[in-house]
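Both complexes shown next keep subunit A, but they swap its partner, so subunit B is in the first and subunit C is in the second.
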Partner chain A sequence: MNKVLGNKKAIALFVVPALILYAILVLVPVVWSLYYSLYSGSPGLQWEFTGLDNYVKLFHDKNFVNSLIVNVKYVLAVTVGQVGLGLLLALMFKFWLSRCKTIVRTLVFFPVVLPTVAVGQLFAKIYEIQPNYGLLNSLLSAVGLDNLVQAWIGQESTALWALCVMDVWVAMGFYSVIFYGALLDIPDDILEAARIDGAGSFGLFRHILLPLLRPMIITCLVFSFSGTVKMFESSLALTGGGPGSATKSLSMYMYDVSFTYNNVGYGSVVAIVIFLICILGSMLINRFDVKEKY
Partner chain B sequence: MKKRIIASMLCVMMTASLLAGCGGGSSDSGAAADESSTAWQDVDYSGEDPQLEKSIKILSIWAEDNDNGILINKICQDYKDNVNPNFDWEYEYVAADDLTQKIATLSSSNDLPDLFAYEAGAPLTTLIDADKVANVSDLVDALDAWDSLSESAVSIMKDLSGTEDLYDLPLGLNVEGFWYNKALFEKAGVEVPTTWDEFDAALEKLDAAGIQPMATGGSDKWLATRLINAYAVRTLGNDVMTKAANGEIPYTDEGLVAAADKLASWADAGYFGEGVTTVDANTAASMLMNGQAAIFYTGSWLTQNLTDPTQNTAGEDGIGFFNIPVYDESISSSTSYSMNCGNILAMDKAKLDEGTAWFMKYFIENMGNVAMEELGTVKGYTYTTSTEDMDPYTQLVLDEIAKSTEGFAWWEAKMNAEVSSIAQENVQPLLNGDMTGQEYMQSIQDAYDMSGN
Partner chain C sequence: MKKVKSGIKGVIIFLICVLEVYPLFWMLTASLKQQHEWSDNPAYALNEGFYFENYVDAWTRGNMSTYFLNSLICTVVSLLFIVIFATTVGFAVTKMKWKMKDTVAKIFSLGIMIPVATCLIPLFQIYNRTGLLNTRICLIITYIAFGLSLSIYLVQGYLRSFPDDIMEAAVIDGCGIYKMMWHIVVPLMKNAIVTVLVLQFFFKWNDLLFSMTFISDSSLKTVQTGLLYFSDEFGNKNWGAIFASVSMSVFPMLLVYMGLNKKVMEGMTAGAVKG
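Up next is the complex of A and B:
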């Protein structure tokens, strides 16, 4: 084996095909975007070299800043919600539900397989207020909380949070299944030993489960982060980015700039910002992983 | 070593042939286009069709069994069956949302289809400026077919593209205004308003009678901006948005701010009901027909819903129409209507030749009648079909169009894509009270300044 891996040609044979594919699919578009970002207009239509003008414009662009803020709020809320609730559900499967956990697990996982557009339509109906109250407003009205009846996705103050709730609901089942698998891997004797040593429920979680689940939590955080930073289709399906631009993410802004305003050059700059955020975010989350090794 | 030299030579040759292929192709088509473009104008089109061999490509946003798709295909088929057996056509469908992008791509590669559906106003103007679309005035002159085009449609289209000549053909002739539920008006004892004061009084009265006075498609946005336009045009003149787009007046003009404030005040008074920004156009239309709201501003395309008894529970005479109320007859008269030609049909300049021109002659001369016979609608062409046994709603629209003496466009017609999208996006915070009229108009002005105007 050592002989094979010592042979540089053999290594090249293993690595080069994948490297070429990776380069074509990932690196070339990134470099291409960098090149596009130095131009204004759309290729073929008013395509002019403008140097770094697009980057300067970015700092004065209110709409970009607004989308960035929306995106950051969304990533924080949804990542914490998805992973946190996923973990809670997994704990529930393991320690509370003994009888009907298969059914509950199936039900919780069910939204993961639904198409986003269908989920968007479903939640639009739940949040509906005109011409008829949807599920949520009907419930509030039925229990006498009429003052809480409102246009959940029609006003800036609640639209983003209503969207976050939807996306947490969709994905928490996925994370709960991952965490449940990880919990099953923890040997029962460790838990028993902890209990004998007098650990309560919280102590057990804090000192035994959390450290053992740590690699899985980090993996899930990376998954969730990379899924939410792209925020596009769920927002488009539920609110269309509105009201105003209250749920308009960076990706949606990039799409608008590139394809609606026909300014692919500036759109590429926004795309590069999203790319950088992805890299920085993943690095930040992975930091927690590194610490453990000390 | 020899092998290497041969291999590298082959590479060079392949690359060179690729490049030559690209270059050669475009120059060939350019030359062919030039030849034919001079030819079609010199032909006399008054005689019989010479049955030229011709195949054209049509790009459309209607499926073949829907609206204009039916009409275009029927005319092509009729032309092939009755006039020119050597004619053929290829019909391509593209989703309306993807149209602008698709045309931009095709136009940048000099490969626009012979005929294509497009958007009037700023998008078409870009193509006119880039010299990509055929001058339809020249074509209609050569064909001597002005009689077949509706005069109002022609004036609307010229006005929208801001040109002396016509560069597109109509695929609709819509008039917009307020549709109202007659039963609810009667219940609240409200007469059809003709001035803005009467309109405001009517809203108040309807509201007091426990009826939701208005519905609008706040989630679709464009229906709400139409209301601002209605008030702005009547108080400032039919050409106010053109002036703003040309920079003659700022978007933050007092009158325009007042118009935006007007919409905000209706929303604030609760005239649109709760959560107006979540209501889409279809829901708003069904609210009007089901008696859940008294007034809904939209275009004559609503007749499609009104003539469908499963949708229109108000019946054949349950819904009425009135034009935008008047502020001052001398500023904007009661016979000027918000009108448009829907999506329009444009032609690639380079591909227009004698064969296409003969087909266009048939198209322009027959579109009016085919549209009336197949769909019972007006498309901006004259027709000779009898309208006696027409359903009352279509008749109502025809009567209103007949009354019009002048037309004006919609709110975003003259704005470029960026400004238009801001104008629509921010109408939602305006409706919700998160923005004032001043802030709304300022946001439009900012977008206008930023997009390089």
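Up next is the complex of A and C:
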């Protein structure tokens, strides 16, 4: 048994090809980005070692600060929206629904499987105002709310929120299915006992369900967070980062700097910042989990 | 009173379902509309007839046929390798006996946290220097490399509860490691493999960032990149064709989801629950 499982040749065959591919295409680039971030210009074109200058430059760069703020707003709104509404939906499925559970879950999960670009194009048409009213504006106008008709993604004040609504729409079904699974794992006797002790719906949620669901909520927050920090596809597909730079995220800014303006060194700094935010943010959220255990 | 209350609850849930599904229904009806319907009727109106010309337009003039083929090739090939690598590496680091296995497992799991954007610039440089830019190969190997971490992690989760006795029995019966892998381990891991396949299929089919960065040749573009630039090519006015192409890109997902919706839900959520 041990001889078969300790077969060195087989182990090498199983692990080495994947490891090489993974190391070259995933691990090396992270280190490489770090190295690039100390240079300015692009390789072969005014490529100079500038040390930490790029990092200093970040704080004076209005565009960077702007995309950082956009990204933070987006992460907060979408993470809270996705996880919060997901939880709410799951509670509805569990306590309100007696029939059709499978059908409802299937329908609600549906948008999750759609390609982001397709969703972006679809919502672009929903929010449209020119040349014809899109779905939203035509509905508003049909019910007599003509004063609410506006260029939802064409003006800075609403573009980011329109984007957030779209991403919450896409993913809330996903989180509701996860939470629903977790709710089913909670034994009915606990709920029954709490009810007998006189817990109201809110009390039940606050004192029984919330503590029991806590690990799952944290997992979902981390998952949603790491997805939203990368914010790229959905805003590119819906608004292209506009109007102006109202929906331009860090990833989009990095993309512009390094591929449109060819400033690879400076783009790498932004890439490193995204990496750090991703790691630190997840660690921060996970901290809430550890405290409870001990 | 109780009846009224449950009625209200039912209505709320019904409204939620409508909210999630109506935009898609609208998209389908919109893809069958003729140009003049957009200016004559409000946007929420149903299509007057079934104008399939939009689909023909999108498929031929909009190059959707090429994009579909490219997406299909890249997705299928990378999925094949992801499954092979994930099962072999996952098996090697959980069940086989060697010194470095925990370290290697940890190295692979690091990748779950690494944002794609961080690797993009160096990858572009690598492919540029090796002349792989604008080929399907660069897209495929990138897909494989970035699909490994989560897939291996999921496979490990399944393998931890995999009974050792079965392997023991196989060894006593004279199975070598390769035979055991193929005839014993893989068939018993069918569930894990399906989960990985479903999850990665959606990730790869929906990829935009890699394909738009590495591919500029329009004969090699994938569906997602094609869609993104679709309205530029068709002009912003041809809504029918745009909707037809968007609907088309949604159909494969729809089919997979209709056929395997339970498996899809399990597979997609496994990434979150276990990741």
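Criterion: the second predicted complex is superposed on the first by the 267 of 294 C-alpha atoms of A that agree within 3 Å, B and C clash if a C-alpha of one lies under 4 Å from a C-alpha of the other, contacts with A are read in each partner's own complex, and residues count from 1 in each chain.
Here is the rule we use: contacts are C-beta pairs under 8 Å (C-beta built on N, C-alpha and C of every residue); 3 or more make two chains touch, one makes a residue touch a chain.
The shown structure was predicted, so the numbers you read here are calculated from the model rather than taken from an experiment.
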Check whether A:Gln150 is in contact with subunit B, with subunit C, with both or with neither, and answer first, second, both or neither. first
Name the contact category of A:Pro43: first (subunit B only), second (subunit C only), both, or neither. both
By the touch definition at the top of the document, which applies to A:Phe259: first (subunit B), second (subunit C), both, or neither? both
Using the touch definition from the top, say if A:Pro131 reaches subunit B (first), subunit C (second), both or neither. both
Taking the superposition on A as described, I'd like to know which of subunit B and subunit C A:Gly244 touches: first, second, both or neither. first
Looking at A:Leu97 after the superposition, I want to know if it touches subunit B, subunit C, both of them or none. Which is it: first, second, both, neither? second
Hey, is it subunit B or subunit C that touches more of subunit A? C
Would you check which partner chain A:Ser33 touches, where first means subunit B only, second means subunit C only, and both and neither mean what they say? second
Is there a shared patch on subunit A that both subunit B and subunit C touch, and which residues make it up? 43, 128, 131, 259
Would you mind writing out the residues of subunit A in touch with subunit C in their complex? 1-2, 4-8, 10-11, 13-15, 17-19, 21-22, 24-30, 32-33, 36, 43, 89, 92-93, 96-97, 104-118, 121-123, 125-126, 128, 131-135, 137-139, 141-142, 169, 173-174, 177-178, 181, 216, 219-220, 223, 226, 229-230, 232-233, 236-237, 250-251, 254-255, 258-259, 264, 267-268, 271-272, 274-275, 278-279, 282
Contacting residues of subunit A [partner subunit B, same complex]: 42-45, 61-62, 124, 127-131, 149-151, 153-156, 240-246, 248, 256, 259-263
Touching residues of subunit C toward subunit A in the complex: what are they? 6, 9-10, 12-13, 16-17, 19-21, 23-24, 26-27, 30, 38-39, 42-44, 85, 88-89, 91-93, 95-98, 104, 107-108, 110-111, 113-126, 141-142, 144-146, 148-149, 167-168, 171, 175-178, 180, 202, 205-206, 208-209, 213, 223-224, 227-228, 230-231, 237, 239, 242-243, 246, 249-250, 253-254, 256-257, 261, 264-265, 268-269, 271-273, 275
Residue ranges of subunit B in contact with subunit A within the complex: 100-101, 104-105, 107-109, 126, 130, 218-219, 221, 273-279, 283, 286-287, 290, 292, 416-418, 421, 425-426, 428-429, 431-432, 434-435, 446, 450-451
